[in-house]
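Going in written order, the chains are labelled A, B, C and D, and every chain counts its residues from 1.
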Amino acid sequence: MKIGFLGLGSMGQAIAANLLKSGHEVWVWNRSPEPAQKLVELGAHAAATPTQAFTADIVFSMLADDKALRAVLLDSGLLAQLKGPLIHVNLATIAVAFAEELAALHEAQGIDYIAAPVMGRPNVAATAQLNILVAGPEAAIDRVQPLLDLIGRKTWRLGDKASSANAMKLATNFLLVSAVQAMSEAAVLVTRHDLPSAALIDLVSTTIFTGPVYQGYGALIGERRYEPAAFKASLGLKDVDLILAAAADVSIQLPTADLIRANLLDAIAHGEGDKDLAVLAEVEEWRTLAAAGQTAPD
Amino acid sequence: MKIGFLGLGSMGQAIAANLLKSGHEVWVWNRSPEPAQKLVELGAHAAATPTQAFTADIVFSMLADDKALRAVLLDSGLLAQLKGPLIHVNLATIAVAFAEELAALHEAQGIDYIAAPVMGRPNVAATAQLNILVAGPEAAIDRVQPLLDLIGRKTWRLGDKASSANAMKLATNFLLVSAVQAMSEAAVLVTRHDLPSAALIDLVSTTIFTGPVYQGYGALIGERRYEPAAFKASLGLKDVDLILAAAADVSIQLPTADLIRANLLDAIAHGEGDKDLAVLAEVEEWRTLAAAGQTAPD
Amino acid sequence: MKIGFLGLGSMGQAIAANLLKSGHEVWVWNRSPEPAQKLVELGAHAAATPTQAFTADIVFSMLADDKALRAVLLDSGLLAQLKGPLIHVNLATIAVAFAEELAALHEAQGIDYIAAPVMGRPNVAATAQLNILVAGPEAAIDRVQPLLDLIGRKTWRLGDKASSANAMKLATNFLLVSAVQAMSEAAVLVTRHDLPSAALIDLVSTTIFTGPVYQGYGALIGERRYEPAAFKASLGLKDVDLILAAAADVSIQLPTADLIRANLLDAIAHGEGDKDLAVLAEVEEWRTLAAAGQTAPD
Amino acid sequence: MKIGFLGLGSMGQAIAANLLKSGHEVWVWNRSPEPAQKLVELGAHAAATPTQAFTADIVFSMLADDKALRAVLLDSGLLAQLKGPLIHVNLATIAVAFAEELAALHEAQGIDYIAAPVMGRPNVAATAQLNILVAGPEAAIDRVQPLLDLIGRKTWRLGDKASSANAMKLATNFLLVSAVQAMSEAAVLVTRHDLPSAALIDLVSTTIFTGPVYQGYGALIGERRYEPAAFKASLGLKDVDLILAAAADVSIQLPTADLIRANLLDAIAHGEGDKDLAVLAEVEEWRTLAAAGQTAPD
């Protein structure tokens, strides 16, 4: 089977490498050529253009954001020239509304569009332990399943409406940022009561809140160490914007997301956008300093 | 060693029973006599008054709330009549400021006051699997440690300032209610996108948010089943009030706690106070109905 | 000059009547015929269809909401059939994005589109004392100005981008609902401190907050009298949704608008949607009842 | 009649000067002596100590904050040495709970305590145009009324519970900061839609929101001019803290006050504490910059 793969950031590269290991013919494309070159060394074929990557049976994409995907696939006229049978598996976390638009546009070309956003960081992708949320035409998913099994630990099937997988992914991301915000507030509470926030994190992450989020982000908050960023605050804002857009699409409010967005904007306004999302804890810290009549450190 | 035990609600009863099992002489007291009677059948001695229960080497208390403890111990004049050596281990979750007041009043009588709030529900208490947060005079804690080992799986020592244990406990409670609020918002997000919220809970509670909180409260939210209440919304409000008081004590804000309090008040105002804390999900649900021009069911 | 007028709700009727008084030939249309009939008795001509109302030099519209305007003007194909020279003056408060869409669509037909949302209730419209926010092609506004002078006390010119007038109108509406929300919170504060909220309103509305908003909505809050509604809570929600959409269009948050929306949804969920916007005060009142362990009255 | 006056900041000085004009014997005291000297030049007597100022029939105080008043009157032992008949008129905006404490302590000494917080800035005080909120023993207020008439335009009587006047004053302050916050949000809304915020302020402050607050703070926001501060952000925080304390006293929440406090803390954390309260507009502005990926100016 011939596989195309577009978008070779740290996630895309790790996933594409796992597809390669199984002996498939994989044609890779990336806007900047270096990441493709690395995969060629592992046996991939370099596609000169996105169009060439799409001359495959199944094409995966993992582009940076909605804008990049729109540029490569729609604004370029590429999708309008494609014809099925072809399966496009979009691994990226994109807006729900954009997923609906893409599903309709693919269907008009006779192409199967599968939304398959993944849960996990690059290191998880590298060990093929991703959780994959998948939705789209059932027969197409059945065909793709063996490939998904090569890159993840489990596939969660969410029906035939592709955008459902994106809505579910955004809901999990919302829970993640909410947990970081809650730990940020809890950290200032215990700190102001003369307890190390690391003690709180140790306590909860080994008892009532096991799992990687409280442990991982908790450690950063407990140590007040936000660099190097595993997940930048500015990318956190992008996610929160997608979450709030998905809420607005159905006329609902997410009050916690609203307050997290405001805090992220505070962090970014004051130069912390490139630090880890866990820097939300510092925004709460600034406020406690100000309540004591002090200013935040530069 | 002679042990006193005041307050035999479902938590107190389970804990006292575990102390009894080890063969200690335990004198139990409760405002209403029935629960004491049950323990007497297991070998306890019934104390006729709180004063009698305090004629022991070590006294545990697990009274319903700050008000009950203040009535029994302070307003009655009991503490003012007591003299050390004596150790009082308060297992209840109380206000940080009240813990500080109690520590000072005990010290004035030459009595060791240990704050030892516990994490876990009655079923966890019954199997002696509580996590115990403990703070107070170190030597006294060393003496009590063998007893704590009889009732919990682990003791977390938090220094010699008793109120620290209460601050830490309230921080964990804050994280708990924040997780319930986050799941409540996430549930309406996926529901409005035509996905069952139970699918979201299943996904996250087996991947990134393992542990009992997301699993337990998540199940209630996923099934929209709030009765019988394991932990009533009205008690949740009491906890949030303690949390916010602990924050106000040190001039900080907890924006998520503020919004949760407002939602709990909404729930209670509309007759849901006796349902489980997870009913926070219905408050968000009401709003989504209203956004569609509908009213909440009676 | 021949004038068309579409939309004869209480506002539209009062405005059209003022145009009639000056002797202009006014062709009126309304979805239900009764209101048009009343104006015919005052000298207006009844237009059988929106199309007929648009066979004029200048057409005013004051339709109920974005949806109604979209149905009458766009979905019907009407605008696509029209040709300039023609001036369309839209008096309604509509979404900023929709105003931009309308401006572009009119321009494509060679028609001048003027946004002219008004400030004031029907009684203000009746006495031609409206404040009119106007934006659009300058020459067209110059031509329309004498008519605007017949219906308002002052025209506020906001440049040639029509949607600017809508953005400005929504900002004033935001200030209005914010003032109502602030009075609602202040009312529970003084009430709980055993002072009549009417005393607060009397104090501020004659000193630091003169003007009709604090006086008018304040009186309703002071008397806890929400019926008959001068401006329904459900319409308040519609306005807040337009405000938040205008904010989202430019990627900003309005935290006060977020919390007002949640409160309005609470009010509507519990059956208060047809009461006056001032019923926001009752939402705060419910919460204070709940904090005292009570439920809201049915 | 012999009058004492403690606290000669810009407000106290202006008020004391008006009492002097009427020919009364006024004994003035201030922590630093210079302001007293100015009044001595106008005919006042310099009191060497607070105690000497209290050897009068009626004593006014206008000290900087709760802490200053507590230091001068309570911690010093002064009040405990005083005996009635004597009337103490406290013009300052203090905490409701502190007012209750003061009323009880004065009553125990047989002294009439009148709370008389004032509305208005120093320039308003200078022209004797203050609005005076007054509560306390009725007969005492009757005796003081002629003096209040010398310093204000109107006295608002709020009953015999002194703290009521403070609760009412804090409610008006809450409405004031809420209006500033609302204008701050509205300003970014119109600015991002390419309209000058000054145009919005001009529009509303001459139509629906007349009165000094929208006009005065609106002008600062419209011009983004926050220095010199007429009312510092740090003092605004002090007021908001008093407001929230008054709310907590009666177990209520003021969600708008919560969000304003967070914004004030943001402003103070980032070095804007000495600028005018209107700098709240810049906090919203920072967020809009951050939403565009930019940082706030230093």
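We take it that a residue touches a chain if its C-beta (ideal position, glycine included) is under 8 Å from a C-beta of that chain, and two chains touch if they have at least 3 such contacts.
Note that the structure is a prediction, hence the values are computed from the model and not measured.
Peer 1: Indicate the lowest number of steps between subunit A and subunit C, counting one step per move to a touching chain.
Peer 2: 1
Peer 1: To lay subunit A over its twin subunit D by CA atoms, how big a turn is needed, in degrees to the nearest 5?
Peer 2: Result for this pair is 180 degrees.
Peer 1: Based on the averaged CA atom positions, which chain is farthest from subunit C?
Peer 2: B
Peer 1: Quick one: report the Å distance separating subunit B from subunit C, using the average Cα coordinate of each chain.
Peer 2: 51
Peer 1: Which integer distance in Å separates the CA centroid of subunit C from that of subunit D?
Peer 2: 37
Peer 1: I'd like the Å distance between the centres of subunit B and subunit D, where a centre is the mean of that chain's Cα atoms.
Peer 2: Centres of subunit B and subunit D (C-alpha means) sit 42 Å apart.
Peer 1: Could you say which residues in subunit A touch two or more other chains, in rising order?
Peer 2: Touching at least two other chains: 251, 253, 255, 259, 262, 265, 287, 291.
Peer 1: In the complex, go through subunit D and note every residue touching subunit A.
Peer 2: 234, 237, 262, 264-271, 273, 286-287, 289-291, 293-296
Peer 1: In the complex of these two chains, what residues of subunit C are touching subunit A?
Peer 2: 241, 248, 251, 253, 255, 258-259, 261-262, 265
Peer 1: Going by the contact rule set out above, which residues of subunit A touch subunit B in the complex?
Peer 2: Within the complex, subunit A touches subunit B at residues 96, 119, 131, 133, 156, 158-159, 161, 163-164, 167-168, 170-172, 174-176, 178-179, 181-183, 185-186, 188-190, 192-195, 199-200, 203-204, 207-214, 243, 246-247, 249-257, 259, 284, 287-288, 291-292.
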